[in-house]
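Order as written gives the chain letters A, B, C and D; numbering starts at 1 within each chain.
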Amino acid sequence: MAAPDKVTDLSSAVAAHVRDGMTVALEGFGHLIPFAAGHEIIRQGRRDLTFCRMTPDLLADQMIAAGCVSKLVASFFASGSAGSLHEVRRRVENADPKPLEVEEYSHYGMVCRYQAGAAGLPFFPLRSYAGSDLPKLNPLIRKVSDPYGGPDIYVVPPLRPDVTIVHAQRADRSGNVQMWGIVGAQQEAAYAAETVIATVEEIVEEDVVRSDPNRTVLPSHAVTAVVECPGGAHPSYTQGHYDRDNAFYREWTPISRDREAVLGWLEEWVHQVPDRAAYLAKLGAERWDGLGVTPRLSQPVDFGRRRVAAQEEAS
Amino acid sequence: MAAPDKVTDLSSAVAAHVRDGMTVALEGFGHLIPFAAGHEIIRQGRRDLTFCRMTPDLLADQMIAAGCVSKLVASFFASGSAGSLHEVRRRVENADPKPLEVEEYSHYGMVCRYQAGAAGLPFFPLRSYAGSDLPKLNPLIRKVSDPYGGPDIYVVPPLRPDVTIVHAQRADRSGNVQMWGIVGAQQEAAYAAETVIATVEEIVEEDVVRSDPNRTVLPSHAVTAVVECPGGAHPSYTQGHYDRDNAFYREWTPISRDREAVLGWLEEWVHQVPDRAAYLAKLGAERWDGLGVTPRLSQPVDFGRRRVAAQEEAS
Amino acid sequence: MSVPLSDVAPSSTEFLAAVAARQLVGKHRVFAGVGLPTLAVDLARRTVNPDVELVYESGVCGAQPEGLAEGIADSVLVSGAAAVLSMPALFGYVLQRGHVDVGFLGAAQVDRWGSLNTSFIGDWDQPTVRLPGAGGAAEIMPNAGACIVVLRRHDPGALPAQLDFCTSPSPVRAYEEDPRMVPPGHGVSTVITPMAVLRRPDKLGELEIGEVHPGLTVDDVRAATGWDIAVADDVRETARPTVEEVRLLRDEIDTVRLYLR
Amino acid sequence: MSVPLSDVAPSSTEFLAAVAARQLVGKHRVFAGVGLPTLAVDLARRTVNPDVELVYESGVCGAQPEGLAEGIADSVLVSGAAAVLSMPALFGYVLQRGHVDVGFLGAAQVDRWGSLNTSFIGDWDQPTVRLPGAGGAAEIMPNAGACIVVLRRHDPGALPAQLDFCTSPSPVRAYEEDPRMVPPGHGVSTVITPMAVLRRPDKLGELEIGEVHPGLTVDDVRAATGWDIAVADDVRETARPTVEEVRLLRDEIDTVRLYLR
């Protein structure tokens, strides 16, 4: 059985699948944030995107400053878990340089939207929002009555991105994607989408993936394109590959305060850089090595082989 | 931080947590079926249980014949994927020796009931049942209207067992349970329950579990009691430990046809056997060895350690 | 030069499996139970559709079994598979989301609209026969692109005018409940029996006789069907399995005679 | 023999963390964000509650970090953890199902009922300040057994009579919307500020002054609060941190001064 080869390069994947005006989700909860893909979208000058991300951190600040985004669908606007996103704030507080539409939920509200999208459901119920102003702010948060006689419950509508982009540790060429560490809502965000691009630290042989099928978060049927993109999550991290560049996050805050500085940074680190490899080279070996981690391997588990099968092969 | 030790033996766990009249779920979809726990429930003579299981196979036939069960909540009544469950059929078709109440769903209906129970939701929607007689048969399958203007959709109510019992490959003493291979709806069935008993092939050191946190299907906070019970899934199987005893399933069909034969089997293989170790001994080394599998190990993945931490330890 | 044809009986598993395999031309993802569907998919891979991917109800995707699976949850399906999904993901994200092109189903009764009964023969409260019930069929029917049903009997009992119980409804019945609730899937597109291949070209239409197995006539098939079944304009004789197809089934796929007699 | 007390300022992180840690006596599972709550939980483990278990929004359960975590998704929380859950499982099965005893929350504004604003200062459409928004707080508030809020300011701006926006509502507001929708959780039970510890003993009641930090009076606290806040019958002075608690925070927990100044 020859599975289709879905491996391509990042610029081809973005050019083929991300078009102006689309609804695009880039997910990863503090881990595996697809920065390389976001930068490629900036480089290709996409416009009027509805950008979906639970935690629009400085990747959002960058894509919005670059003019790619006309609407944000999100649940927490901050850099990491602290700093302000000043580009977002300028847009929202002063419409500077222009307004930004925001559709706002809580974290679980976003997770439930992805779950509804992934499962083809018209809505998803959750026990939040009773007494909150959020449903007044966002009329898409609605109520249904409980046919079993309980109180009404709030629901959110499905989120169905045109494209979802995720970053992971590894995939095989046919697009079976494996990730570990914090997996967030990536499985849901991907299944909810029409098209899925997965950037990975490494493309591995099929037998690596097949040695541990429970590790596969996205089977090939859910993935459209696979891109090998080492370091693709920097300045966020990839468990077991490199750590979060906390200094970078701290450095961003002052840059973020000054729109000119943001544009200058984008020119230097995105537009003037052809791809992620060049970005890492520009970052420099010393800084990159400083983010390295030492090995801590999972202990293997046994999936077993039927004796007959094993014997047949032996003979 | 000293985590509480939840390790006990099977008879103590069943005696402590399974009482007459309770709603009890024993899950495992063709894999990791908790037979040893079911036999212990039979040995302890529990009565009037509402027995929840998507696929009541010959474990259900045995527990019903033993008189433990007054009601079945399920979605597919067969031995394996083929043979009839004659004890179930005698009850349902001829009320012989007495009637059996059955509450019936489809597979996904049961999965959705467990999801609603696990997430504390009043109902769970699914795109099944339009035009089916199942909602007429089971008035708990109801409809809600879509607040976003779509068509009505069917929903099922939460299933909240008093006790859920699952079998897994391993757990640590504090009750972090890891399983691989087919995991079915065990995570949902467990979180839906008030009390959870996990029987495992082996109790392992904490560092084995912690070497691969993504493998943990049930964290300790979701588990009440852990029991080391090698072979606890026979005649079903445990991936990587032993294979399914297909001959046993074939042998069951003729036994199942004759109620006296079933009672005889229960006397010999359950009542006259103190525990699973004795059951396996009675089964015999030859038959047991015939179910063995040869190793097929997962390739380890790297979770990494922060250099500073690693260095501190080194120094 | 013509391919040599086998003379296996139209009622044989080899014949039915070969006919079923041919239905998979151009299909990507098949949701299959155990038994004849497994043989059909395996044969299709070796003949008309090498890329066809199997998804099992147990959550296994991209299985590469080293032995013939005895059941949809067999350990040989898991070892070396591309993925094993939880049931919420399998039924919700894969099936209900629409990733399955073809579902194989069995049934005790099929009606003219392709609705299935796998629950009761006789009265619901005290049935003559308690059948296995819905399983995943109630999900596969509305959500798979189309469904293929294989019957081991062709008589008015298996193809009645009226089902004793509707477990897995045709889109026609969904439409009758609420036109807006018609599911995305076509429902049953093909019924393969020991006598004929029945087709349902219209999502809201009836089954009709599309192919009649060798040695039988359209009237034989109509006489054995529980309603006045329509006949396709282009009705023809079912193509026999080739000698090679039968050889593959017997000598390479089911060498241990798990499903073949 | 009395335990030596520290003279750190009541507004210091050490003081607030020590007060927060004492709230965790007898609690099993704490849902904590980064920063001061992390210090408080770590300190509680070393003092009043060695068994307290931390659950992070990122899905990490039973973390045993080898270094101080910078953020709730820090890789040091994952390596060696007991479990990492998906977000549907974390928010659905752990939090919404009721497995969390205490949630730590921050806020820009807290009102008399313990409702929180983390969304806007000023007008919703064009706010003076766009705050981070709900995050998981809107889930923690209704579903955690009780919530502890730590404020770095105590003035009528942070404790106003009226919130600019209610992001995470008190059960009192849920009751006002629909008495049947009152959530399982108590809502905010404790607010720790640089001036006082405010308590809300009644699930449907108001905050009251329970403890006043050393050097301050009840009137100081009332004057700094945006509404006419009640005073507990048993109001007392907040116990200072012990010298040992401060030492643990500075010399063992936050040696790199990530959160301590």
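Quick note on the criterion: a contact is a pair of C-beta atoms (placed from the backbone, for glycine too) under 8 Å apart; a residue touches a chain by one contact, two chains touch by 3 or more.
Keep in mind that this is a model prediction, so the values were computed, not measured.
Ranking all chains by how far their C-alpha centres lie from the centre of subunit A, first place goes to C. Subunit A and subunit C have centres, each the mean of its CA atoms, that are 39 Å apart.
Computed from the mean C-alpha positions, the centre of subunit A lies at a distance of 35 Å from the centre of subunit B.
Subunit D has its Cα centroid 58 Å from the Cα centroid of subunit C. Among the residues of subunit B, those in touch with two or more other chains are 115, 120-121, 126-127, 150-151, 180-181, 183, 187-188, 211, 214, 239, 243, 293, 296, 303-306, 310.
Counting partner chains per residue, subunit D has residues 60, 75, 78-80, 84, 92, 96, 143 touching two or more of them.
Interchain contacts give a graph that is no line, ring or star and is not complete, per the touch definition above. By the definition given earlier, chain contacts exist for A-B, A-C, A-D, B-C, B-D.
In the complex of the two chains, the subunit B residues touching subunit D come out as 1-4, 115, 118-121, 172, 174, 176, 187-188, 191, 206, 209-211, 213-214, 216, 219-222, 303-306, 308-310, 312-313. Contacts from subunit B toward subunit A in the complex involve residues 120-127, 142-148, 150-151, 153, 155, 157, 169, 178, 180-181, 183, 208, 211-212, 214-215, 239-241, 243, 292-307, 310.
Those residues of subunit B that touch subunit C in the complex are listed here as 29-31, 55, 74-78, 80-82, 88-89, 92-95, 104-109, 111, 115, 126-134, 137, 150-152, 180-185, 187-188, 237, 239, 243-244, 246, 293, 296.
The part of subunit D that touches subunit B in the complex is made up of residues 28-29, 45, 50-53, 55, 60-62, 64, 66-67, 75-76, 78-85, 89, 92-94, 96-99, 143. By the touch rule above, subunit D contacts subunit A in their complex via residues 33-35, 57-60, 70-75, 78-80, 84, 86-88, 91-92, 95-96, 115, 119, 124, 126-139, 142-143, 165-178, 180-183.
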